Each structure stands twice: as C-alpha cells, then as structure tokens.
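Structures are listed in the sections that come next.
Here come two complexes built around chain A, the first alongside chain B, the second alongside chain C.
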Partner chain A sequence: MPTWTDLQPFFVSGLALGGVYALSGVGLVVLYRATGVVYLAFGAVGALGALIAYSMIKAGAPGWVGWLACVATAAAVTLGYGLVFGPALARRDPLVKAVATLGLTLILFGAMDLLWTTGGGQSRAITLPADNSGFTIGQVQVNWTQVIGLGAGVVIAAGTACFLRYTKLGTAMRAIANDREITATLGVPVRRVEAAAWLGCGILAGVAGLLLADLVALDATTLTFLVISSLSAALIARLRSVALTFAAALLVGLVHDLLTPVQALSNYRDMTPFALAAMALLVTSRHRVMSAGEG
Partner chain B sequence: MLVRRTLVLAGAAGVLAIAGCSSSGRSAGNGTSGSPATGGTSATAPATAAAGTVSTSQCGTKPGAAATGTPIKLGAIVTDQPGTSFTDIANMAQAYFSCVNANGGVNGHPIKYYIETEQTNPAQIAAEAKQLVQSDGVVGIVGNTSILECTIDHTYWEKLGIAIIDSGIAPECYSTPDSAAVNMGPRYSSDGAVQYALSQHVSKVVFDQSNVPGTGYIAAGPNALAAAAHTPIVNLTENVPITNADSVAIKEVQDAGPGGAVVLNFTPPEALVILQAAQKLGLENRVRLWGCSTPCNTDFLAQQLGARWNSKLFVNAELTPPDTTSTTAMQLYKAILQQYGSKVSGGVGSFSQMGFAEAEIAVHALESVTGGYTMATVNAAFKAVSNFNTGMNCQLWTYGSYSMHIPNNEDYTVTPDNGKMVQAQGCTAVSSVDPQIAGYRQAAGTAQLAPSD
Partner chain C sequence: MVQVAALLLFTLFGLPELLSLYYIDTLTQAAVYSMVALGLGVLVGRVGLYSLGQAAVLAIGAWVAARLLFATSLPFPVVLLGAGVITMLLGTVIGLPALRMRGLYLALITLMMAGAITVVLATINFPNGGGGFLGYNGSTVHIPSIRRPSIASADTAYFRYSVLVAMIMFGLVLAHIRTRPGRAWAAIRQSEPAALAAGINTTLYKLWAFALASFITGVAGGVLAGASRYLYSIDFQPQDSITLLGVVLMGGAYSLWGAVVAALLLELLPAILHSWGVSADWLTILFGLGVVQVLTNAPKGPGRPGAKGPRTALALAVPAWRAVMIEVTGLTVRFGGVTSLDGMSLIFEQGTCGLIGPNGAGKTTFFNVLSGFVRPAAGNIRAFGTDLLAMVHYRRARWGLRRTFQTEQTIEELSVAENVGLGGASRQEVLDAIAFAGLDCDPGSPVRVLGAGQRRLVELARAVAGQPKLVLLDEPAAGLPDQETAHLGEVIGQIPVRTGALVILVDHDMSLVSACCQTTAVLDFGKLIASGPTAAVLRDEGVMRAYLGTSDGAAP
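Coming up: the complex of A and B.
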C-alpha cells in the first residue's frame, strides 16, 4: 500500500481532473434542465474544437486565437445542432433525444478520424503557458493548469448555480425544465431560452475540450469517451443539482487517481465513474422505494 | 424517471463503445498512380531534401517501361481503427510496387496488391485471409501489420504453405514457421530499450505498457534481462486510452526512484501524454533516464516534447535512422515515398520504412522465380531469401525454414535532439538472455551486419 506521502501528488492530479469533469458535468446538467437533452456529443465537440485549435497554432496562429477558435467551434456546433434539431425533438422521449446526439457524435468522430489521422505514428498535443510554471506544496509539484482545471470547475459550478437561481434567463430555464408547454403559454420565449442553454453548453464543451486536451490527451477517441466520466457525475446528481454534480465530479477524479498507486486496483480505476454512478443509483432507488413504502 | 435516465445513459455508453469501431475497407491497385507525397507533416520534409541523388527508376529493371505482363497478386491485412492504424506500412509497400510496375515490373509482370483493413475482430480477420486467397487469388502475403492477424491466421497460412513477410506485433509473428518480420515487435524492442537502460547502470527498471492481450509475453523479455543484470524490475500496465497521464507519470517515477529508469511500451500518442505529463510536473529529471520501445521513434514525438528530453529519453529503433543515413537504399526509399507515397500519411518514419523493406524483399524474391508465379513458387522464393540487405536493418535479412523467425535482432538507440530523433547508440545485438532470442540464434545463427554503401 502506498504511504501518505506517496498519495499526496495523486490528490492534486485527481482534483484537477475532477474540476474539469465538474465543468463538463455542469454543462450537461444545465442543458438537460433546459431542454431535456442528455448531450452525448459534449466530448466530441470539445475534441473537434481542440483539434482545430491545434491545427491553427501549428500553422502559426497565436495561442489565444487557437483557444478562442476551440471554444467558438464547440459553441457553434452545439448551438447549430440545438437550433436545427432542438425544436423537432422537443416533444420526443428523452431516450430519443439522447440517441439523436449520438448521431452528431458519430459524424464528428468520423470526421476527426479522417482529418486528424493517427496513422504513421502521428501524435499531437496542446500545451498551455500555465503548464510550465507552478508551485510546490510540501513535496508535491502543482502546475497552474491543474489549478485552472479545479478553479474553472468551482467558478462554473458556483456561477451556474447563481445564474439559474437569480437571473431571469436562469429562472426561465428552470421553468422550461418543469413544464415546457405551460412556460410557453406564460409568454417565455422558449426557443430563445433553449438556444441560450445550447450555446452555454457548447462554450463549456469548448473550455473543457481545451483543458482536457492539455491535462489528458489531444486525441479524438480519448476526448470523446471522457464524456462518460462527466455523465456519471451528472447522473449521481440525478441530472438536477449543479452542486452535487460538482461534488460527484471531484469524487470521480479523486477516487480514479488515488487508486493509481494501489497495485491490486490500479487497472480497475477506469471503472470509477461507472461504479460510483451505479452505487449512487442503487442508494437513491432504495431511498425512493423505502420512502414510497413509508408513505 | 430515474430508471429512464439510467437507461438513457447506459444506452449511450454502449453505443459510444461500439462507435470505437469503424467498418472495414479494402483497396486494390496495380500501382499506376503516382502523385507526390502530401502528408502535410514536417516529417515528410527530409524526403524532399535527401532523395535528390537517387532516381525512383532504380527500383525496377527497365527504367521508364511500364510492366504489361499478367499481374502477380499479393495481399496484406492491416489494422485500421480509431487510435490504431497501420495502413502506412501497406501503403508504402504499395508505393514500392507502383514504382516497380512503372519501371519494368518483376520479370515483366506488374504486381497487383490487395490491402484489407481490419478492426481487431477475429472473425473478420479470418474471413479476410480467405477472401484474399480464395476470391482475389493472391499468391503471397506481404506487408501484414495487425494486432491479432498472426494469432488468428498463422495456422491457415501454414496449411496453405504461405510464407508471409510482415511487420510483427503478436507473438505468433515471431514464433511460428511461416511468418518472418522486418521489425522486432514489442517484445524485442522493449528488450532493446531495457537493455540500453541497464547498460547505463540504473538501479531499478519500471516497465510500463498498454494493458492489452500479450503483456505477459512482452514483459518476459525485459524481466529476463533485468534478472540477469541483478536489477529489480517493476511491471506496470495501463488501460488505454489513458484518462489521466499525470497519475501514471507520478506512479512510474515513484516506483523507479532517483537512480532508476522508466521504460514505456505504448503507441506514440499514449507515450506522448505520459512524457508530457512528466514534463509538466517536473518529473523528467526525477529518474536517471526514460526509455521507450520503437513506436516512440517518430519526429512527431520529438517535436512535441522539445529540448528538455534531449539525452534524457532513449528510444529503441528497430530500423536504420532515416534522418542521418544517406545510403542508396535510404535515398531510394525517400524518393519512392515522395513520388508514389501519397497515401503514406506519416511520411518518413518506421512504419513506411517497414513497408519499403517488406516490398523490397518480396520483389527481390519474386525476381528469382523462373516459370509461373504460383503460390508454391512464390512462397518457396520468399523462404529462400537469405542475407538480403534491405538497407533498413542493422543485419542482413534471412527468411529460412526455421520453426521461428526473429531475423531483425540488432537495433539502434535514438534520442530526441531539438525536434529530431538522432542516434545515441549504433547497432547492438539484443541480448540472448531473452530465451526467445537465444532459441532463434541457436537455430539460425547470428546474421552479418549489413554493409553500408
């Protein structure tokens, strides 16, 4: 078993990863609450943005232009999907809405595999200026990208919670989540509110894609699949609570990384999102059954 | 509602997993096209710079005269799926055959080359082998590069008497009578990387590789070398794609200690994320040295890593370093790549070198055939190849009738140097401490070093 000293660096890396998962998870929850769509293309649009940023930077564009392009691409693709397919799917079952986003995932995935091939041993990376500087806590080296990862998760989660609670648009989103038809009859511009949710989700997908490309890998497959970790955090929060999504995402990141030095469990650590989500579902289901029994 | 949400997420995860596979594809050509390479990577640049003094017409016996005889049909099966694509190897072989076809062919016959791609599906791989033989009518297999193909098909090839010339990955590519590879494969390349680390007197070795079938077989070689050197070795495996390379790098460095070495056996993208994570966390100097098996030997990786890894990372190189070699064979390889290799996306590098060497060996063997090109005559010619200088290997290359084949068992070591991989150690024999290497040398002897021009 690793010692406490051995475990310390894994706390830092786990929190940083969890922070980015939180950012992604919050984006998914906000969109789900406003539109009822589980956006499975979240990772793919982030990956597309990151790969475009990579190509632009490699071609000589300043780093900040590439980063903006990443966010803009993810936002544009997500908003475009929402505007085109959102109204048509608005009255469909949540399962249909989710599976429809898989279509977008597969199109983007195929396009990325075609345009940014991994043939011939090609490998890519995005590095941010924050990678090369940092500080030390005890014996643990922390770089600023890790701090930004965690910080972004905190800021986005807190900001989104406040936005949904205190702003007119946030209130409208919550109202749509409760009942789209009634909200529409009250004069709320439903499509405009939904478009705002799609745009916000797309922006978060771009930011998450950029950070994950740096913290994890700039690879279409990896980034597309990473949405599962964020989804599990959102699921633990029952696709409702922003605060709980944030906490669950941090837990997923922490447990995943703290299992790394434990030899017997290390190769099973990728099951962390599934295991935690399954446990949360079992607990909440049991709680609901018991509550119903008592009632 | 909760159940519905769960179903939504579970279904989504399942479909995403399936989405990791793409459909199979195939192509066949007699190699008459020939546009310049447009890989769009900096790695292709040396092809233009260094290929000038050798003409592609040297690949055939009748410069400028297109072959018009009945085609000799050859085939290949290569893995091509998201994250793992070996199509460059077969595409480079196709480029070589195109060059030969445009310059007289093989005794007047053009080569028609069928490339099948697979997605690590055993049933698909077995079906493709049968399709090549029974439907397409190929008489030889050249350029196979697949994660599973040797394991799945070797008994089929042996039954038909087909002696394949390939780039090996699975153990059966090296341990069976009818497969001979131009590369060393993951085990012997890892042997070479660990051997270099041990030669630098490291106190401990951490050997980390992808958690895929066959890790025990691959690790057996490095473990034998470390045991013989009385150096502790820690074996690690990582699920790929790696979801947090920071934690992987931290674990490796903790396990190796300040005097130790971390040796990686991953594809270039996975190795890159680990090495970059180590760099971001300031870990690259916390061990004595870092090592890597052949997949890390790409300029792509050297460019992404930067100068901090100069003489810190040592990569095993199964093939002659292309950037610092200007032999006739190397110039011809670059010239053919430039003129005929439009489909070789990675440009100059190990994969295209392998394809070149395999095609070169095949053409050399086919030229010796007198009479008709049948399955029997072609494969007998392949097996008869002896002491052939591919220009891409340390040693002369021999097929032979042995129960196992490891014809490439001497290697180089390279290190990044400001965006390029440069030679750190010349041809060095992989130690016979690895029982497989010892077994092969006992059967086939030790091949001579290949002469340079």
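Coming up: the complex of A and C.
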C-alpha cells in the first residue's frame, strides 16, 4: 500500500480534477433544470474549443486570444444548438432530448477527427502560464493551474447556487424546471431564460475543455468522453442539487487520482466515475416508486 | 416471402461471385452488425428502452467466444451459443437492477456500464492463446489466430456462415414479435402504467427484451471473433455505441429491415467511401445529423390541431352596451374530427362574466385559446384593441392575461411571494396582491406547506398581481368547502373593482356564478346558446335544458 507521502501529490491533482468536474457537472445540472436536456455533447464542444485554441496559439496568436476563442466557440455551438433544436424538442421526453445531443456529439466528433487528424504519434498540448509557477505545501508541488481548477469549481458551484436562489432569472429557471407550460403562462419569457441556460452551459463547457486539455490531455476522444465523469457527478446529485454535484465531483476526482499509486487498482481507476454513478443510481432508485413525471 | 428468399439466395451465392474479397470481408462485418442492430432495435424500437452501451455488450460476446475458442475444441456453433448465453446472463445481471429505472436514467446507466466495461477490457485484454482464466499472453511475437469453423475457414465461406447465423437471429426475433412477448412489448412501449394495469408483468418482459438483445449481440460477438481472427480492445470504443444507436435510429428501429440498413450504413458505406478516398469522418457527421433529424421529426405529442377546415360561423348578435373589452368572432377549434368550439362569437364587457355549460362544452378550450395553448382553426379575438391570437403565449401574460387552472397549479418549489411574483410584478405589488387575496400566511413560506384553499388564493393573488387586463378563472372553487368558496367569491367579485380587469369565470357552482358575475354566457357542444345578464340567462329555458338536463333535447 502506498504511504501518505506517496498519496499527497495525487491528493492535489485529484482535487484539481474534481474542481473541473464540479464546474462541468454544475453546468450540466443548470441546463438540465432549465431545459430538461442532459447535454451529452458537453465534452465534445469543450474539445472543439480547446482544439481551436491550440491551432490559434500554434499559428502565433497570443494565448489569451486562444483561450477566449475556446470559450466563445463552445458557447456559440451550445447556444446555437439550443436555439435551433431546443424549441422543436421542448415537449419531448428527456430521453429523446439527451439522445439528440448525442447527434451533436457525433457531428462534432467527426468534424474534429477530420480537421485535427490524429496519428503520427504527434501529441498536442495547451499549456497555461499557470502551469509553470506554483508553490509547495509540505513536500508537494502545487501549480497554479491546479489551484485554478479547484478554485473555478468552488466559485462556479457557489455562484450558481446563489444565482438560482436569489436572482429573478434563477427563480425563473427553477420555475421552468418545475413546469414549463405554467411558467410560460405566467409571463416568464421561457425561450429567453432557456437561451440563457444554454449560453451559461456552453461557457462552462469551454472553460472545462480548456482546463481539462491542460490537466488531462488535448485529444478529441478523451475530452469528449470526459463528459461522462462530470455527468456521473451530476447523476449522483440526481441532476438537481448544485451542492451535491460539487461534492460528488470532488469525490470522483479524488478517488480517481488516489487510486493511481495503488498497484492492484491503478489500471481500473478510470472506472471510478462509472462505478460511483452506477452505485448512486442504483441505491437512489431503490427508494423511488413509479411516478409519471421523470424517467 | 419469395422476394426475401430470392434476396437471401442472391446474397449467399450471387454476391460472393461478383465482389472482391475486400467487400466480402466488409459484408461479413455488416452481417455481424446487422445482428447488433437487430438487438438494439428490439430494445429501442419494440420496448422503448434506449441502450447506449451495445458496443460493450458486443465486446463481451467477442471476448467470451475468443476465450472458448482458445480454451476448448467445441464446435463453432456451440461456442456461438455459449457466447450468446453467457453474454445474456451478464447482460441480465447488469440489466436487472437497471430495469428499476426508466427512460433517461436507464440510458445513462447503460452508458456508464459500457464505459466501465471498456476500461476493464482495456486492462485484461482479449484472449490471444495465453493461459490462465483470462487467456492473455502478454506481448508475444507469435499470436495464434482465432479459429473458424472447419466448413467455413475461407473468407467467402465464412461470409455465408455469418449471413446464415444472422438469418437465424432474425428468425428468433420474428418469432418473439409475432407472439406474446411482442404484444407485451408493444403495450409497454405505449404506456408502462397501462401495460401494468392490463396485467402484463412489465419487469419480466423488459428483462426478456434485455436478455434477447444481449443473447443476439453475444452471438454477433462470437461471429465477429471468427471474422476478425485477432481481437484488440482498442477496436471497441465507447463512441461505437453512440454511432450504433445513430444508425439504428436512421435505419428505422422498429422495422427488421432497419437493422440491415443500419448495418450497411455502418459497414458498407465507409468501405465504399474509403475506396473513393473520402474520409469516414464525413459519415460520422452524417450520422450525427441523421440522429438529430430523426428525433426532431418524430411524431409530436397530441394537442396540435390539424389543418384549417371550412368555417361554420354561427354569429349571435349581442347588444353592445358599455365598454367592449373582448370581441370574439367565429372562433372554431377542432381536435382531429372533434369540433370543440363551433363558430363562437361573443362580446365581453367590463366586470365579471360567467361562462357556464356542461362538461365538454368547450369552456376550458376557450380558455386554452385565450392563453395560447390551442391554436384555433378559424376566428378572431380582439382584446383591448389588440389581436390576441397574434401574440406569443408568454407575451400574453406580460400584456396582462392571467389564468388559473382547474387543477390547482402553484409551483411547489417556490415560496408564496415567488409564486405570486413570477409574472414580473414588483415586490410591493406582490405584497398587495397577497393582502388583497386575504392570504394570512408568511409570504416567504413555501407553497407546499399550504392547504388546498390557501393555494387557490395564491393562484388568485398571482392572477391579480401587477396590472392584469384579463383574468381567466377555471373552476377556482372546485373541491373547496362552502365557507372557503364564499370567501373566494368575495375576492373574485372585487377583482374588476380593484384592477379594472375583465374577469371570466368558469364554474359549475351556480351560487358562485350568480354572486360574482354581472353577465353570463352559456356554451353547449361548442356552441354559444345564450348570453346576457346572469339572472336572466340562468332562468332561460334552453339553458335549463342543456345544462341541468331536464329534457333530452341537447343541441343538434
């Protein structure tokens, strides 16, 4: 068994990863609550943004332009999808809405593979300036990107919780989550509120894509399916609670990274999100009786 | 039937003569994936269960078959059967707890399971002739290939073998669809509660579908093992499950031919494109577009009126005295063949107007037209000088239209004040409205702690908050005791006085209607049969007949 000293660096990286999962998970929860859409293309739009940022920076653009382009791309694609297909699917089952975003995933996936061909052993990377500076706690090196990862998760989760609780737009989102038709009748501009949720989710997807491209890898497949890790945190919170999503995301990130130095389990550490989410779903569903409302 | 047999014979004996080995191999893969698509089609098309993990199930089948082929000298068909049965058992073990979930959660848990299986397979690798339980032999230079049946060791023969196995699987599914399981699945797809109510053991039949799909996919995995001869975990990617669902939806999940189409889309099309030098990524994009297109164009839910029909306007002259607030002309609403409102023309004046009539007369439909839920086939509504029908439904609320529903519709998650202020009223207007409705509770308390009568008052407060122009009350007193109804009547009577709004009240409680309403209109079978001062209308003989059923002479 690894000692505490061995585990320390993984503790730090796990928290950073968990922070980014939290940020993504919160984005998914907010969008689901406002529109009923489980946005499975979350990872793919983040990957697209990160690849565009990579190409721009490689072509000589300043770093911050690339990062902005990453976030803007993810936000634009997400908002565009929401505006074009959101209304058509608004009254459909949440399952159909979720599967439709898999269509977007495939489109983006094909496009990314076409434009940024993988192969030849070449590897791409985005480096943030925060990578190279940092500090040490005890004997553990901590770089600023890791701090940003965790910090962004904390800020986004807390900010979103307050936003939903205290602002008019947040109240409107909670109301739409409860019943779209009635909320519309009461004068809430449903489409505008939904568009706001799509935009917010897209921005978070871009930020998450950028951070994960740095913390994990810049690869379309990897990033596209990292959505599953964030989704697992959101699922553990049953797509409702922002606070629970945050906690679950940290747990997923921590367990994943802390398993790395454990010989017997190291190879299976990528199962962490699946295993935790599957367990959570199975345990929570035990307490549910059949209801007509949600699937 | 003859065509199918001819097509099958041509596939088995004609095609191999015409095609190069490259396309023979491609079609062998297509035969494999037609079985996978068939299994997924049973789940999605027949039962309505979306699985996002079929590629992982296929990988399990391939792994088991490869292991059995290396470890034993069992005949190939027995190995296929074994792969099918073991995959079925594993699929059922996974499916059993998951079946308590439905819809979205079931789909997501299959995605999670598939992800987990992919990780496991990447670690344990596919058997390559090694020893031990896993049969993996590290990185040897000489790896034995997976054996094929002795009668079909050549590629062309193996193609025929694969097609025959696929035929058997299609027959198996056909046998299910034509018998009791097929009917049970159809009932479940339509409505699970209804299927339960009809006495169908829905859990059993859903599990049965899972088991059948897993069995077929397991067999397909076995055929794939023989076709590939060498298996690597990198060949089974999570995105394959998504692509698979995409092609099954595009090919048509409900039809058996859809599985063949899906397999050709998945295997043959990329091979053709490849020979033309076109990247298969274009296909991925195309499949993505296909998924979105199929899902957005699937039949919409009920409640959308059909095309416009001929007008049957029956205009009733109503003397226009005092301020005309709403003018309805020739309003007609049809649901399919049922005419719910038939050329209704009416003028509403200031004050509170009652709208009564037997059940099914069209009262709520009229409200639904006003609030924008239902688009009329014909007719016009001018309200305070504006064309109401041209307004988007949420704008109507901004404009000043308020409404309550037959069943109480407060939003449980929000507090009383948040509920009342949802339409955009200011804090002071919200508090005023709460006081006006006579609600004696803390505005910050959640609605879910209130009783039925108080919730009705919350709805009323919501209806008068801000500056309403038109307030629609749909049976506000339904289910309330007399005492609370009396209080409600007082509040309703005060609304026009206080806000200047026009109130339209639908209710079966005649004492409430006579207490609140200056004028009343009566609907029967979608036609306006009377309107005027309330007392006179309630005494009218035709109204008594239609509404109170004193004679059999309902409207024609």
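Keep in mind that, in the parts below, the second predicted complex is superposed on the first by the 285 of 295 C-alpha atoms of A that agree within 3 Å, B and C clash if a C-alpha of one lies under 4 Å from a C-alpha of the other, contacts with A are read in each partner's own complex, and residues count from 1 in each chain.
In the analysis below, contacts are C-beta pairs under 8 Å (C-beta built on N, C-alpha and C of every residue); 3 or more make two chains touch, one makes a residue touch a chain.
What you are looking at is a predicted structure, and each value in this text was computed from that prediction instead of being measured.
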_One more residue to check, A:A50. First (chain B), second (chain C), both or neither?_
neither
*Once the shared chain is lined up, is A:L102 touching chain B (first), chain C (second), both, or neither of them?*
both
*Would you check which partner chain A:L28 touches, where first means chain B only, second means chain C only, and both and neither mean what they say?*
neither
*Can A:P94 be said to touch chain B (first), chain C (second), both, or neither?*
both
*Could you tell me if A:G14 is touching chain B, chain C, both of them or neither one (first, second, both, neither)?*
first
*Which of the two partners, first being chain B and second being chain C, lies in contact with A:V252: first, second, both, or neither?*
neither
*Now for A:A275: first (chain B), second (chain C), both, or neither, which partner does it touch?*
second
*Just chain B (first), just chain C (second), both, or neither: which does A:L210 touch?*
neither
*Applying the touch criterion given at the start, work out whether A:T224 contacts chain B, chain C, both or neither, answering first, second, both or neither.*
both
*Residues on chain A lying within both footprints (that of chain B and that of chain C)*: 38, 94-95, 98-99, 102, 105-106, 109-110, 113, 221, 224-225, 228, 231-232, 235, 267, 270, 274, 277, 281, 285, 288
*asked:* Give the list of chain B residues in touch with chain A in this complex.
replied: 2, 4-9, 11-13, 15-16, 19-20, 22, 39, 41, 43, 80, 82-88, 211, 236-239, 241-248, 250-251, 254, 267-273, 276, 279-283, 295, 298, 300-301, 304, 344-347, 349-352
*Note which residues of chain A are touching chain C in the complex, please.*
38, 85, 88-89, 91-96, 98-100, 102-111, 113-114, 171-172, 174-175, 177-179, 181-191, 221, 224-225, 228, 231-232, 235, 267-268, 270-271, 273-275, 277-278, 281-282, 285-286, 288, 290, 292, 294-295
_Residue ranges of chain A touching chain B (in the complex, touch as defined)_ = 2, 6, 9-10, 13-14, 16-17, 38, 40, 94-95, 98-99, 102, 105-106, 109-110, 113, 117-125, 127, 131-132, 134, 141, 143, 145-146, 215-217, 219-222, 224-229, 231-232, 235, 238-239, 253, 256-257, 260-261, 266-267, 269-270, 274, 277, 281, 284-285, 288
*How about chain C: which of its residues touch chain A in the complex?*
50, 52, 97-98, 100-109, 111-113, 115-116, 119-120, 122-123, 192-193, 237-239, 242-243, 245-246, 249, 279, 281-293, 295-296, 298, 300-301, 371-373, 393-395, 397-398, 403, 405, 409, 411-414, 418, 422-424, 462
